[in-house]
């Protein structure tokens, strides 16, 4: 059985890693869909799809996990086509893993199975929290897999987020 | 004379029905443009263009009205092209019916006639109010034509709206 | 039962009319999808979606047929999303009517029923033949319903096709 | 050396004129990119790209400045492609002039030079302030070059802004 | 009076220059629309919109012509919206100059004036011929204004065209 | 060092497998870009991006190759943005592998390294030849990795191609 997990992974953190590992252990494999793949260089979506794929794959391989498919998924802005869009971009999957009401409803209307993800310490592992800490210069490396930390440094991601957070007093 | 009435019709309610019938009676025919046709499965735009066309046509035919044209109209996101977009999608029309300042201005700059719609009991017939009542499980069937009520039940529209309204505590 | 018939209808001719009437008689209603709705002003697609809807509806109503849905359908350029695109734009349908191998395959993969259309005197009723006759100034009015003929004259369609057919010796 | 200055110029005002003249005097020429070129007829972006190009060029020529390139630039909604988009639409440039943190970061990641614009009396020369005054019927002609004032009158821009600002009490 | 001349200008040659100068002399000014602005790096459209604007402006200024507007125009792929697209991107114009039957028909249906361009030695001044000569290493510099020749050399345009013309025997 | 190899892989065959393995052996890793990712269900592009990713990954894993990145890449239809598009979707790469003159020119203008792929028995390993054999019911399984053969059977790919190849005598 092959579950599909979709997220934005801005960045991929320990909570994601824990969930992905758990799914692979239980079901044998996983498809990880990198959502909003066209977005980058914003405070909410700082990293490109390529950078996110790089992070995730480095973390998975460092953990000796090979049974996963990584698929960038651009937003389509048409809810009625979204499930077909996902299906066309991914290897066959049996069940979608999501806690998002819209995602669950769309898969349900398309006749697909959906399950709620088990989450671990949500309060500690949140993309929003990690981006905030990076901007404020606080400690964040313990919240992400080592490889993710390394990739963010390699691509100068800390400086990027801090630059983007500067207020623009002029162009109003 | 053939007026054009544009709305999102989420859903088509008694106020719309009253206005459409009045226009057909006065002018002989009407073009009904279903706006934001690409939208669906959101709290503001829960129904697809096909579902909305289905509702409207069922209600009109149940009222023995045949002199209408139904045209789904996708958003173009370019105000300067919008009137040409409408013109290319519709049979010839003589006047646009709208209370929206942008719509009125765009038709005016394109040299088209515009008139304000007469409205009946706006406070009772509002798409927003009806969607709210559906979500909260309150009475709403007296605010829409019978056929619209039936279509919304047939397409499982009540459950869709209620599902979409659930708060997503996880994917933040 | 509600069949779906998709065509470009450039223009809607007697063969289309015969088939549409036959489907309504047999199944009680029909959805007519006007394909390549975004196209117009070319030799293959001379008429806008609005003009085509106007023609078809005038011809149907002149024949006292009311049990039909008319839906313009823009090309999506993504075969894998095409059936979902159709579904989102149309009232519920039970079977698609098409002789096109791609269309048949796409509906089949989406788990939808498809049937071949019966055709009447294909050689006489062909959009291509009618467009050719219009351009060459030959007799064509006996190949289309009266209302279609009238609409094409009303919108200056003969001159449009003849203008478009002129060779551009300069802009090469 | 040829600097690139990007703005929305809604409208082009004395602050823009002062900066453009200064850059031409110092560097010999300038490329002026008219951003969000696809936008018009909104309270934030009332003027089309064509109207904005008209204003700017009239003002520059009235000042006997010829050494400038005017380039409308549509939004691309993909930060990662934005610098390439700019480069493909403009003559070669050496440095970008911007105070916007995102713009600065994107040019920097693309290996381009960026400099902060000198600004003059920001509080007096602001597009937002000018649009506000136009809507409220206050004096604004002293904040823009004469030619800009004339163009806005010629295209009926005052009435457009005032119409767009009317509250729509009906279409809620 | 302000005529609008639209072309792809791949590249801008002596025939274009002759026509543009003639229009400015007769009418006082000209709007030059650079069509298919999104295209580049193909055998038919080798130069970017920015490169074409650069060529044209350099040639015009070298001839001391200032009364022109240069506007890149991306293809819209919707004939029914094309005239509105042009209008939104350009300063006001009075007449379109074109020999293209589609362009003429579209402006005519939009109620705009159109006139045929006078052409000079079409056989000698053809973009296709110039691109062919560049690829084949034949003499072409006498067919374009000096500044255009210089710009094509500056942007390494000869090598670009020759590279693009190489047959790809592998990726079939 | 990490090379980037882009192809359409319709389907992924022994020639691709040989080249990918060779690159991984020589350089340690590879990024495989699946081009024209939005295409499917045509004679030239029969398989979806998801199906192609499935084939390639199954073949690579069966060969115990893990050091690869698989990235679907949709066509952008703007040559001037294409390299930035690739860069935004992929992990960092050092060199592009391509024999396509346009691809080579675009990477070269973007300051990237390009190398020609070594090819093995081009005449035997060609996507076009394999698609032709599948349609004609000839032997083709010896031209692709075992896993690719299995995936094509699993997704009913033979019947899809044969269906798509049927001539449409009606819809002309």
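When the chains are written out, they are named A, B, C, D, E and F in that same order, and each has its own residue count from 1.
Everything below uses one rule, namely that a residue touches a chain if its C-beta (ideal position, glycine included) is under 8 Å from a C-beta of that chain, and two chains touch if they have at least 3 such contacts.
If you're wondering where the values come from, they're calculated on a predicted model, not measured in any experiment.
The chains that touch chain D as well as chain E are B, F. Legend: contact pairs of C-E compared by residue number with D-E, E-F or D-F; the interface matching in over half of them is E-F. Each chain gets a centre from the mean of its Cα atoms; for chain C and chain D, those two points are 46 Å apart.
Each chain gets one centre point, the mean of its Cα atoms, and the points for chain A and chain F are 26 Å apart.
Here the spacing of chain C and chain F, counted between their Cα centres, is 37 Å. Touching two or more other chains at once are residues 40, 48, 78, 80, 87-88 of chain A. The touch graph of the protein chains shown belongs to none of the named shapes.
Taken together, the chains touch in the following pairs: A-B, A-C, A-D, A-F, B-C, B-D, B-E, C-E, C-F, D-E, D-F, E-F. By the touch criterion stated above, chain F contacts chain D in their complex at residues 78, 80-81, 83-85, 87-88.
By the touch criterion given at the top, residues 37, 40, 48-51, 53-54, 57, 61, 66, 69-72, 74, 87-92, 154-155 of chain E touch chain D in their complex.
Note for the complex: chain E touches chain C at residues 7, 77-80, 98-102, 104-106, 108-109, 117, 119, 122, 126, 128.
Chain contact summary for the complex, chain B toward chain A: residues 38-42, 48, 160, 163-172.
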